Each structure stands twice: as C-alpha cells, then as structure tokens.
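Each of the next two complexes has chain A plus one other chain: chain B in the first, chain C in the second.
Let's look at the complex of A and B:
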C-alpha cells in the first residue's frame, strides 16, 4: 500500500513495528513504532504519558516526510 | 542407523496455547515434547528421524524481541545438538513467517545445523529469507498443512543427510535465485511449442524463464512547507467506525473503508474499533488513536505545525490480505488523495 500511494505521487511515511517487513516490501521512509497491537501507544503508561509518546512518533514521522531520501531510510532515534 | 534428531519451532497458535490474545506469549522450550504440527512431521519421518524438542513462542513476542529471543533459542538448540531444525510452516501468517525465517536462518548460519521452514509465497518472511534457507512453498492457510509436511519432511531429511538438493520445482521450495542444472526429458523445441500451444488455447502453462519482479518505487520529494501541508492518515490496522459499517473482513480483506473525520478530535472507544483479526484488538478497541493518531494530528493542526489533517481516513485489514488486493486498494486511495490535494501520507501498520 505504501508503494502504490507513493507511486501516485505522494510521499508516504510508514509507521510500523516490524521494520524488516517494511524494508522488504519497499517503503522508502520508515519510522519504528512501539508494538504490533499498539504501534502509536503504550497502555502501560498513563494516558498523558502515552499521548506524549504518540506525539513523539508523529513528530518523527512528519520530520521524515520533510527529509529528502534517495533510498529506503529507517528514521531511528 | 541412528535417527536424525530434530528441533521444531512453532508459534502460540500451533502449540494450542491461544490465538491473538496469546501473541505476547514468551518463548519457551519443551525438551522431549512434540506439539501440534510436530506430530505430522514425526509421522512423515517414520523411522528416519524424530523431534526431540519443541520451541514455542508468541508471534508478537518474537517480533518485538527479535534479537534476545533468537539468542535464547540458539542457546537451547546448541545444547540439544540436533541434526535438523524445522520452523513452522507459517503459511501466510506474516509475523510467524518472519519468526520462522529468522530462526531457521540463524540456526543454519550460527550453529551450522541445516534448517528448513515453509511459507506461502506472499508471506513477507519468504522474501526476507528465501535466499538464506530452504523455504517450502505452502498454501496460504493451515488447510495446507498436510501438503506442507509432505514437502518439508523429505526436504529436511535430505538436508540433514547432506544430500544434494534438486531444483526448486523438483524439491518444492521457493526459488532462491540459484540455478540448478538438470536434464529435462523433452528437448527445448518441443517444450516451447507445447507452451505456445497452451498459451494460444488460453490454457495454463509454466514459463521456464520467469522475469524477476523488481518492484521498487522512487521516493517522492520531501514536504517543503509542513505548516501549510495537508496530511492524510491511512492504515492497514483495520480501524473502523464502531460496528464496522462496511464489513471489512478480519482477514484477507476484499475492500477498504473511507471514513470522514471532519470535526473528530479523538478516536474514542464509543465510536471506533478495529476490524483486524491478526493482532490482539484489546488496545486498539480501548483507544484507536494507538493505531491511527488522529488526536495528536488534530493538536498539531491547531498549533499550526501542519496545515490540515485531511478530512477522511482510509483503512483496511492487512491480515493475510493478498498483495494484489492491497495494491488495488492503494492505487485507488493514492489517486483520490492526490486529486484532493493531499501533500503527504502517514500510513500506520500493526
């Protein structure tokens, strides 16, 4: 899905936990997330803390979208 | 002759511990035990080989702790000194496929013990590991267990005995990109004419020279002005309005959903849930923002960090869904977003 949307002419950032799959499939901008059943959250934290974590991942995703890449790139910390 | 000793790796589902709710089940080793598909393997081995222990791990646990879990399993396997390591088969289960491929490759590479696994050709684990280990080509669901064992057991025995492995079409594994020479019974001209006749008659035929599929897309240029950009959310995590109004299937989805989020600032458990059947839905059902971060993007929209969160989100279930379906959904979604002036997309996956 990432590839087809990118092919349509839009930069896509793939937020996912199992980044090796994303690399195999062919996403260009990849941001690692927390866990498979809750990629952008952490139920072990307080709701406030959890939202901070989510915000950090979204900010990193937006940063990735503003970064020129010439191939597959995983945006780690 | 002494029996070939086999260690078998399976997930929580095939060990009958549980389904998705047990995907976080930590890795465990059961020396001397045969579980689930291990029974079928033992039967297929007859007097030639036997399973001497079974490693069980939740698919979520493995994928979230790949390095530590791999080390742990390697230590157990090394201690048992088997002649062969079998993982799965994983069919079309993505995380299970990654786990099976990772372990089979690690055991073979680090311990020098031959390994075999089995997967459906579209399993992401197949592409990742097909050039590292022999992956028997299986059907896309556990209904294909009997056929999978029929291919994996003899392939495994051959590997354990150090016998020569035939071409992928002979021994039933997913092609590794390595050419294996053998004599065909019919000469080339005859085979070519047969193929041509089949093609002209619209009958199925198998090419002897498949073209490699290098499907890569060049990255699009970065967003220059995020403060004025429209960002759209897309997910394969199955987030849908409560009640799943378009009945997106929990696996092998046949369609995607398009839902308006104008004025929605937060995905609450009263209004949204997940339709996905391939991960424990507890956390997404409690708070769908954990999969589709509408709340955070609304905040950032208000703060002027982004221009706008696009009015609609697109969603499907990426659980055993055919690559061809996902491709078709995303072609439509991409065209709609582009036509509607969206500048960039955040696509989340579970």
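Let's look at the complex of A and C:
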C-alpha cells in the first residue's frame, strides 16, 4: 500500500514495528512503533502515558512526512 | 549427557474399567481421567474419545498433541516446570508410549485451532493421522478469559499424558535408543576432524496464545540459551499455542524433533552435533535484535562451523529468521534455514515477509496457502462450529456436500518447520 500510494505521487510515512520488513518491502519514510500487537500504544503504561506515546509517534510521523529523504530512511529519534 | 529412550509400542487403545497397560494395549478408564481433568475449576466438561488411523474421523478444533512419557531413571520428571519440578532433565532413562498421542481439542480461541483427519487426503498432510489418538474434548466454564482457559487445557493435556506415561514405568520396551552429547571439550577431543554443527530452534513467542514454555518459563522472557538436545526429549519445551496449526510445534513434535534426531543420527559420523540453542520470536523490534544478537554470539562462542535454524510460525517471525541467518553468517558460520511459505493460493506471491542474500540455503515445509478439499467424514470429534473461521478457512469452506475447502494452514503439522510433516517435492 505504501508503494502504491507513493506511485500515485503522494509521500507516505510507514509507521511500523518491524522496520527490517518495511525496508525489504521498499518504504522510503519509516517511523518505528512500539510492538506488533499495539503499534501506537503500550498496555503496560497508564492511559495518560499511552496518550503521550501515541502523540509523540504521530508528531514524529508528520515531521517525517515533511522531510526530504535521499533513499530509504528510518526516523529513529 | 546421555539419555536412553525406551519405546513401548502401543498397538491399540480401548476404554475399560481400569487404566492400565496390557501388553501393547492401553486400557483407559475415562471416568478416572475425567476426574483428574475436572480438578481444574476452569474446565466445565471433558469427553474422551478414541481415533484410530484409517477411521472416517475428523478431529477439530485441535489444540495440542502430546506423547505420553515417564522418567524411569535419572534426575527430574517429564515436563519440568509444568508437571515435574524444575530439575534439569535429559539424562538417564525415559520410557515412551510410542505410536499414540493425547490430543486436546475443543474451542479456545475458536478460530485458531487445527484439524486432524484420520483418513482421506487430509490424513496425508498431518503426522497425527498415523497415531492412535486419545482425544479429550474440553469445554470451559462460563465467563472465563481465553488465556486462563488455554492454560487449563494445556495443563490438562500434560496431566493426562503423564498419568498414561506412568503406566510404562515398569514395562519392557520394544526398542531402546541411546542419545549422547559430550561436554564441549570432550566433543572436541573425540571428533577433532568433524565439522561442529549446532541447531538453532526458534520458539513461537508472539503472545496472545502464540506461546511456548521452557522449563515452565514463558519463552517471551528467555534470553537465547544452550540445551543438551536430550532435554527436549523429556519435555523441557512445551507448546502453549492456539494458532494457525500447520506450522506450530505441538508438544509431541518438541519431544520428537526431527532436526534433533537427524543430527544425532549423523553425530560422530559426519558431524559433531554440539548442541541446541533456543531463541524466541517476540513482537518488539528490540527483542528481535537482542535475541538474534545473542544467538549469533552463542554460535561463535561454541565455535560452530555450521548451523541449522528452524522457524516456528510465519509473518513477522520471518524477520527473526532472517536476522538469525544474517548475523550467524556474519560470524563466518554456514547456515541452513528451515521455514514454510505463504505464497498465495496460486503460489506466485513472495513466500516470506523478509529476505536477505545470506539466506542462500533454505529448506521449505511447503506452501501453507495451498488449497485442498477434505471430503466429509463419518464422525467429527469436537465441533465444526468454527470450521469456516479457522485460519486458512473462508466463508466458503463448509461445502453443501459436507466437504471442506481449506488451505493447508488448517491442518495440524502440515507444513511443520522441523521437517515433521509429509510434504515433499520427491
């Protein structure tokens, strides 16, 4: 899906946990997430902490969307 | 470490008034075993049934398959950390009720358990169509969480299997096999010219009832570690899975791991089988990185020349598999990986979710998406209530004539990644 949307001319950020698969598949902007069953949350944390985690990932993704990249990039920090 | 495995060949299973072993015939007093199972307050009912090879019987939903064993000599007992104490097992003597299995069945998740057919085309795909099966169909008490119920049924299977295994304690085995792994230094002295080969076994640990236990420890929590392979023959590793049945290892397969057996077969002849490294397949990227790093480190520490890596399951564990392969190869150690494929019903899609040039020696257990038709059978042990929902089925699965249109994925053990199945290109 990431590749097809990019092919249509829109930049895409792939939020995912297993970044090596995203790299193999060919995404260009990759933002690491928490875990496969709960990419944008962490049930071990309080709901307030989870909201912070979620917001941080979404904001990082929006930042990544606006960043020019030269080839595949994983936005680690 | 040396283990003698005495096989008592079971020729028949019958219900009777007493649970006993009479020659090769296992008599089962179902009421006695029921009482044992119902000691667990999470299980509402249990019904025992017998399914024999060739009978027109379908068992579903199948959770686990277990071989009855008993520790006759040496430390510890079968299923350490689960049934027995956490004593280190794998030495002395163990007796096996061979040719039979205890099969736990009934819905847990409902859509994730498997199918075992005792005859017809389905029987050609599952190794458990060839065993005499004592099936226990369980139902849960109301309002129970599925993970609590999974634990209850898992433990009930082990309890019944060890109770039956105990009957073999004083029996005369039909055959005794011996497996021995020397210490590292002894092995080097004994086989200075043979290549040093290890087995890396990846254990399913994705959670949400995709779980494996090692000496009672949830494999999600382990760091990769080193085992004498004979430890697995005493039940050091057990299944806690309720997942796509074709490529998860039931406890029976851990007890009879084909890679372990074949490496022992060559041990001292063409290779020095140094031992078994176990690692996991967790859902956090850092865990995948840590476990594959430690696995490669252990391979280096043991000065291995070659490694066989077996995967359990599919999807994101493909990344663990490729990480293990890449990192072990980077240590200058040759690898062969064993996996299975999800290449689509037409076989034309990419087989694995991840890939690397280091993975240049691959053995496949088959394409789990391959479609087969399982004709209607006379008797169902369990229920067909979930058959359109299990992984590998679809809304069209149950046909008007009672046959099932399914992917191999639904069949317990069909594409097993330790080579326990029957699929072959030969």
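The rule we apply is simple: the second predicted complex is superposed on the first by the 77 of 77 C-alpha atoms of A that agree within 3 Å, B and C clash if a C-alpha of one lies under 4 Å from a C-alpha of the other, contacts with A are read in each partner's own complex, and residues count from 1 in each chain.
Here is the rule we go by: a contact is a pair of C-beta atoms (placed from the backbone, for glycine too) under 8 Å apart; a residue touches a chain by one contact, two chains touch by 3 or more.
Keep in mind that this is a model prediction, so the values were computed, not measured.
Trainee: Looking at A:32 after the superposition, I want to know if it touches chain B, chain C, both of them or none. Which is it: first, second, both, neither?
Mentor: second
Trainee: Quick one: is A:20 in contact with chain B, with chain C, with both, or with neither? Answer first, second, both or neither.
Mentor: In the superposition, A:20 touches chain B and chain C alike.
Trainee: May I ask you to decide whether A:71 touches chain B, chain C, both, or neither, giving the answer as first, second, both or neither?
Mentor: In the superposition, A:71 touches chain B alone.
Trainee: Output check: A:5 vs chain B and chain C. Expected answer is one of first, second, both, neither. What do you get?
Mentor: After superposing on A, A:5 lies in contact with chain B but is clear of chain C.
Trainee: Which partner, once the models are overlaid, touches more of chain A's residues, chain C or chain B?
Mentor: Between chain B and chain C, B touches the greater number of residues in chain A.
Trainee: Share the list of chain A residues that count as touching for chain B in one structure and for chain C in the other.
Mentor: Dual-contact residues (chain A): 17-18, 20-21, 24, 35-37.
Trainee: How about chain B: which of its residues touch chain A in the complex?
Mentor: Its residues touching chain A are 23, 60, 63-64, 94-95, 98, 124, 127-128, 215-224, 226, 231, 234, 236-237, 279-284, 286-287, 289-293, 295-297, 299-300, 305-306, 316, 318, 326-327, 329-331, 333-335, 337-338, 342-350.
Trainee: Which residues of chain C touch chain A in the complex?
Mentor: 206-208, 283-285, 288, 316, 318-319, 322-323, 353-355
Trainee: With touch defined as at the start, can you tell me which chain A residues reach chain B in the complex?
Mentor: Residues 1-18, 20-22, 24-26, 28-29, 33, 35-41, 43, 50-51, 54-55, 57-59, 61-62, 65-71.
Trainee: What residues on chain A touch chain C, complex-wise?
Mentor: 17-21, 24, 32, 34-37
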